[in-house]
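Naming follows writing order (A, B, C, D and E), and every chain is counted from residue 1.
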Amino acid sequence: MSTDVNVKLDALPGLDPNALPLEVKNLQVEFRTRNGIAHAVNGVSFDVRAGETRAILGESGCGKSVTAQAIMGILDSPPGFITGGEILYRGVDLLKLPEAQRRKVRANRIAMIFQDALSALNPVFTVGFQLAELFRKHRGMSRQDAKARAVELLDLVKIPAAKQRVNDYPHQFSGGMRQRVMIAMALALDPEVLIADEPTTALDVTVQAQIMALLAELQQERNMALVLITHDMGVVADVADRISVMYAGRVIEEAGVNDIYASPAHPYTKGLLESIPRLDLKGQELSAIKGLPPALTNIPPGCAFNPRCRYAQDVCRQNPGPPLYQVTPSRTSACHFWKEVKGDE
Amino acid sequence: MSDYVLETRDLVKHFPLTQGIVFKKQIGAVRAVDGVNLQLRRGETLGVVGESGCGKSTLARMLVGLETPTSGDLFVQGRNMARVGAEERRRGRRNIQLVMQDPYTSLNPRMTVGDIIGEPFEVHPDVVPKGQRRGKVQELLELVGLNPDHINRYPHQFSGGQRQRIGIARALALNPEIILCDEPVSALDVSIQAQVINLLEKLQNELGLSYIFIAHDLSVVRHIADRVAVMYLGKIVEVGTEDEIYETPTHPYTQALLSAVPVPDPTLRGQRDQIVLTGDVPSPANPPSGCRFRTRCWKAQDICAEQEPLLEVRDKSGHPSACHFAEVRDVVHATE
Amino acid sequence: MSDLTSAGAAVGGAPVGGDGPTTEATTGGSGKERSASLWADARRQLVRDPVFVIASLYILAVGSMAAFPWLWTSQDPRNCSTDRSRISPSWEHPFGYDILGCDYYSHAIYGARPSMVIAVMATSAIVIVGGLLGLLAGYYGGWVDAIISRIMDIFFSLPFLLGAIVFLTVIKRQNIWTITMVLFLLAWPTIARIIRGSVISSKDLDYVHAAKAVGARNSRLMFRHILPNAIAPMLVYATIVLGSFVAAEATLTFLGVGLQPPAQSWGIMISVHQVYFLEDPWLLLFPCGLLIGTVLSFILMGDALRDALDPKFR
Amino acid sequence: GGGSDNDNDDAASTGGTLRVYNAEPAFLTPSGGDDEPSLYVIRSLFRGLVKYNAQTSAVEMDLAESVESDDQKLWTIKIKSGYTFDNGEPVNADAFIRSWNFAAYSPNAQNNGYFMKRIAGIKDVQSADPDGDGPQKAPEPKAKELSGLKKVDDLTFTVELEAPFSGFPTTIGYPGFFPMAEACVADIAACNEKPIGNGPYKMDGSWQHNVAINVVRSDTWKGEPGKPDRIEYRIFADVDAGYAAFQAGELDVMYTVPPARYKEAKATYGDRMYEQPGDSFTYVGMPLYQDNFKDKRIRQALSLSIDRQSIIDAVFDGRFTPATGFVAPTFEGARADVCKYCKKDVEKAKQLLAEAGGWPAGQKLILWANAGAGHDQWLQAVGDQIKEALGIDYELKVNLQFAEYLETADQKKFTGGFRLGWGPDYPFMETFLYPLYGTGSGSNNSTYSNPEFDAAMKEGDSADSIQAAIPSYQKAEDLVGEDLPVIPMWFNKVGALYSENVDQFVWNAVSDADYAATSLK
Amino acid sequence: MGRYVIRRLLQFIPTVLGTMFLLHYMTSLAIQFSGNPVRAIFGDRTPPPALLQAITERLGYGDPCLDQKGNPCFGLFLDRLQNIFFHFDFGINLRQRPVTELVADAIPFTLKLLVIAIVFEAVVGIAAGVLAGLRGGSFLDYMVKISTVFIISVPIFVLGVVVREFVGVKFGNILRGQDWIPDLISVGVFTPGFKPDYPFASLIIPGMVLGAVSLATTARLTRTSIMENIRADYVRTAKAKGLTNKRVIGVHTLRNSLIPVITFLGVDIGAAMAGAVVTETIFNVPGIGRLVTFSARTGESSVVVGVVTMLVLVVLVANLLVDLLYAVLDPRIRYE
């Protein structure tokens, strides 16, 4: 469908069609603010295969969105700076590409859905304009053709009466529809990787179910790699294949979905799972993680989780923090005591 | 008089839609709350769930007296607050207090924690004599698990969960019997959310409070509530004990809602009977005739458009449901 | 340095000080907790901001000229002789002499008072009256708002200088008081609008509802919850207005409807001598410099204040 | 460098376009225009019975063949034949009678009705105020026409005055006495926008208000033709703006120099700045109706403490001539040092003040001026000097707008010295004396009244000729010089600038810059 | 939309009437207290009372209420309204010219000046603001800030005179000495004042001086607005769409950022009109500002009332247009 651009992209130096669609290695991002340097991402690594869903889990402020923005290359800079690591798209390090080529990768190869669809859509342009823009700028289509494609896309994401709605403004859509427009926009150029940054956090459960179902359907259809960023343990359990759990800018556990839920190998993951209200524990106190996440400008030495951790020992307070222990061949945990944590189960 | 600490009868709130240049005339109304009957017993927690925009907050605001009902009655400990004057209503607010959804916006950024929690005492000077107020505030701080030394701090120096505790302390200041929580944890992270829920439960045990707990997170409601009311477009469509609602929901909307809740257990993936609704919530200014859910309901028939189903017990499940075709459908498999 | 801190306190003190109990609570509480309100933070940031410090030092200097001119000069600005007309600056007479042979430096010092008094009084008046009306209109809405808004419209739609010319020609007694009054009359609607806008947007904030829910009365809601949070934009605007009023005083004199000689003000100095700026430029440069410095200082203070008060810029 | 770079290659051959500075005129009709900007335009569009010699200021016949009288009361005027208005109407006796009647008839509300005041029958064409203070609507005047104007034949008419006046021939050179066409009087508003003149120039297009008035040489004019082909009056609201335009080479003649730029202009333009003593008189009037000012020694003392030259140097860059008399030095009959008290002499001043019993202790000398015209500045200097010389503290009252100020003058409500000025209506000594100091005269704001003065004036008025009248007027001036009902300050100096394009610039002491006689290179 | 316009137009009525009455009362008071403006025509010469009265009556200052100090002259006001609204007759000035004609003469100049000023202010101000906003905290940002603030603090008449002397005269003369520079530039643009031969070119510099005052505010407003929007989520979306930087800024950021700027420019029309008073005097532009100043000084109440009323109408209409433009720029705003 988009041969001309594919030709250009194939010209990316070192592009290897057999390499993973996305691989992040030891990514580091910091924000240089007046109050000091905030280390928002401190060595995040993960990868995702075609057709697979990789979930990135973690509470608010742990650096999930920043990671996504770094991958897309849309970090606010200043104050944000990528200080290390690699972001590989099919073997090509995006961080080393010139801006013009990098731009071509966006939307064409790696696309993104944002957390809050209302603020992520430009309020002063029609939905149709914002969709058609992609075809006009990336595919050089005429206005009419692009508009026709926009309608097709709206149809694809199941917006009723797409032909009429294409000329509406974002505020005239309901929350769920806006999120569907976002999805349409992300899928427009048929990317290989889709990063969905909390696509349903702002939505009701019934609408969330609609959106997740839609995403799953489209992913399957196109064999896309999906990076799903969320803090909702329920959603992750429903759709993810593999999970990376983040804490204070770091991936602290990585595993297949069943492993994590069955036997978390990091105390933080464990704490998260335990603080979900559960029926069998009704009437009892929830087991909450005590304390607060650290400020990113002032991450405690050693394991960032140590002040809140019930397994913490002196070793946890020593720099450098725990390495990623290989729990099983397909699973890692950044806890000195992963065995205890897991064995506790 | 009933044994309910709080009871509403056909409580209605319509926000008028007006039109006109000089003389405005009403051309319609947003039926935010449209005939709600609720009962709250002493020491009980009533959960209210429903989609965004279904009127939960409006209901809450009416219950605490921030909004005057368009019609209907509202009894707080037997006194009909919908029929009293403004001054008495102001005073009557003592008995029923509100914890708001967003801990970031519900605290005045320019007041110290002490001033925020102490404000109720200044408004109702008879509750605590002037000299003892400060001590009382510190007591409250301690009660909600905050450091009493932080009395002079400002809200922005606290985290979300701590702020929510400040909100709770403010609500407790006047020794109310009822506390109304309007989505008190939805702005919080999972790990913090648990802390706040624990606190609320602890206070209920210690002080014998009655809660109305509004939320859209059904698992939280299930954890904390004794009874649950499900709202849809300004109406209660199903009400029952927590078990009745979760185990034997009879209203299609409740069923859809429950089935949509993601269960944090990957092993159940694909086994659940997930109902994905089509279409959006209709506008409360122009609700569908008859049953309001019929536009999204897979069971809808002609009668649903003609006749509004009453909230009554229809089948063996034994709890009221506002559906002509109410029947039990098991959508949630317990996690155990 | 101590002066500065108190200057910062004067600016920041308005809302917090108005909150009475805050200070009481601070003194009564455990001493080790440093209070860290928005205002206290702002103050701390302002004291560290060199632009703000320089600007407020300048304003302090000008303020003291206005309040205690005799501290700055021992000359009598009214002691003139045409024999000394337009003598250039020298050591004893740093600004030289003006046309009538009066000491220009002392004229400049004594001229600070009317300029500052007019600006400060007019600004306070618009802040108080405009603020109050804006608050009422915004809070109560309905017909209160309708009436206040219409009156606002009337004054607002009068172009500023034109209005001032008409009013002042009519009043024709052009002294400090009438000029203050005219500036006030024509400028209050802007502040009222600002306040009205921020009141409308803040009266539905959660914390206002929260206060209402514990039973607070209207006056409490207005003055304790809504106003302090609406006051920041007003304060910032007020500093800018203050500066523009200093300049307006000069412009009115230029147009012949402001203060007139033999009164002394910077405006008079500028407008009388502007025609000499090619021959004896210092006659224009000195008063202009003072005036520009003052206006600049006020605006920069307002800027710094806004940045300090806006958490986004932190 | 100033405006020295305007190219004017073709100007010399054609007579060229003369671009002159002007302010917005009030009216362009002879009956209406009485302000300087109006007069400048009117004088090029219209011509009257007489004109003034540029060098000597003497009266010369223009449209009139002769203006004669035996008793100085009944004047016979003969008009040269062959002159017409631009629209072809003849300029005859009717044209003058029509114009003068129109101006005098009060319902027409023409400003120059004022100048008809000497003609017999003036009372009857102006409605009397029924109750003396104006509110009711004024009744129709008794007559429509002045009884003193009689047509003898087409080119002859007689003018009867209310009282003998030897200076009458000098007065009729004033534009208020210029003729008007019938078509003009019939639609005065249209005529004001595009006057129908009878002079060397005619309108080119209509009056572009506040922008420009353009006139071109008229082909119907029979007299000596104007030198420039075309005169463009550029209108400025602000003299500084005009000066800037002159500097930028956009003007050829600037008939005035902004006070503050005088020095600079003189340095820049050197001999292209035309300077000459002027005839506008500035004085500080003394309210003789106030007790403090009744004693003439006090007035003399005040006058003696003022150093006029120093004020002129400081405030006006020396652009004025200190007044030592009461009549403009350019006028026939004017003498220096008529006023013995007009030179600073502090000793004498103190002595006179002491003789008069001193100034009442604790009282301030109040000095009045109208607002917004810059008078406050020199008045302040005057106050400073009096304060220094006599120790009398002063206070300025300078906040009245001109209208109210004049009403205060009319109602004799000044409480101290008041600044006023006087410009002559015609080049005849009388204009500086009777209107200001004659008993009951309109502009006698001091309420000076001296029978001897009045008698001397009457004697001059009925003298046989203009020259014969002068000694009597000089006698009257001496009386004023002793009594000092006003403290003379200064006479202006005219300063005009002209550009390099101008070949010869002509200035007429009476009618100011003469554009028609100014030639371009 | 139509309804909104009608409602706004109806709201004009009290505003305009109020303004007119205010002006009427002020000018009546002026006559009552400062005397008959006609007297000033004659200057030092005392006119015969009959003549004075005749002219006074002709000019409409003969109403007896003008002799009673403090009288609001309602009768006169009603007459005025009648004349204005039924006959479009605003009276005449001291020189016996109809006010409508005066305004008709003057308004084209002022409008031209305003257009130049607003365009200058918008183009340069927005450009400077965008540059400063994109590089917040940079040297450029600092320069823009300092220069704009400096312009605000110089009184406009000083600025005007300085520009006239140095740009119009001094610099202009240098240009005029150069043959290769076209007249339009050397004589037309760089002129010390308005010139009828170059009706547009000669207004450019005065217009820029007029626009300079608000230029600073425009730039600052744009800067803030850009800085806010550049961080907005939808800008991030635009970047994520792989659009060029130019398009991200020029299309997706600018339009949103301009909304507050446009509002300001609308309000500024009134201010610019006021500023024209000074600018027109200095640059000899025969516009409205000069007319009003002059009339106010000479006490020509009919002119003041008439002209200022018309100006107020212009300001109101301009504001209305801006509001409508606002709706075009921002589709979220709907006027009903």
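Simple rule for what comes next: a contact is a pair of C-beta atoms (placed from the backbone, for glycine too) under 8 Å apart; a residue touches a chain by one contact, two chains touch by 3 or more.
Chain by chain, the UniProt names read as follows: A = ABC transporter ATP-binding protein; B = Dipeptide ABC transporter ATP-binding protein; C, E = ABC transporter permease.
Since the structure is predicted, the reported quantities are computational estimates derived from the model, not experimental observations.
Enquirer: Please state, in steps, how far chain D lies from chain A along the shortest route of touching chains.
Expert: 2
Enquirer: Give the identifier of the chain nearest to the protein's overall CA centre, each chain being represented by its own CA mean.
Expert: Ranked by how close its C-alpha centre lies to the overall one, first comes E.
Enquirer: Busiest chain-chain interface by contact pairs, anyone?
Expert: Maximum number of inter-chain contact pairs occurs for D-E.
Enquirer: Can you give the whole-Å distance between the Cα centres of chain A and chain C?
Expert: 51
Enquirer: When the centre of a chain is set as the mean of its C-alpha atoms, what distance in Å lies between chain B and chain E?
Expert: 55
Enquirer: What is the distance, in whole Å, between the centres of chain B and chain C, each centre taken as the mean of its C-alpha atoms?
Expert: 48
Enquirer: As a quick test, compute the distance in whole Å between the mean CA positions of chain B and chain D.
Expert: Roughly 90 Å, centre to centre.
Enquirer: Send over the residues of chain B in touch with two or more other chains.
Expert: None at all.
Enquirer: Mark out which residues of chain E touch at least two other chains, giving numbers and ranges.
Expert: 33-34, 161, 165, 281, 297, 299
Enquirer: Could you check chain A for residues that touch two or more other chains and list them?
Expert: Not one residue in chain A touches at least two other chains.
Enquirer: Write out the stretch or stretches of chain A touching chain E in their complex.
Expert: 69, 72-74, 76, 103-108, 111-112, 114-116, 119-126, 133-134, 137-138, 169, 171, 182, 185
Enquirer: Which stretch or stretches of chain D touch chain E in the complex?
Expert: Where chain D meets chain E, its residues are 1-3, 5-6, 26-27, 106-109, 111, 113-114, 117, 126-129, 134-138, 141, 189, 192, 208-212, 235-238, 240-242, 244-245, 247-250, 372, 400-404, 406-407, 409-410, 420-423, 435, 442-443.
Enquirer: Along chain C, where are the residues that touch chain E in the complex?
Expert: Checking each residue of chain C against chain E gives 150-151, 153-154, 156-163, 165-167, 169-170, 172, 243-244, 247, 250-251, 254-257, 270-271, 274, 277-278, 284, 288, 291-292, 294-296, 299-300, 303.
Enquirer: Please give the residue numbers of chain D that touch chain C in the complex, ascending.
Expert: My answer: residues 240, 258-261, 263-264, 307, 310-311, 313-315, 371-372, 376-377, 380-381, 384-385, 388, 396, 398-401, 404.
Enquirer: Can you list the residues on chain E that touch chain A in the complex?
Expert: Interface residues on chain E, with respect to chain A: 231-234, 236-244, 247, 252, 255-256, 329-332.
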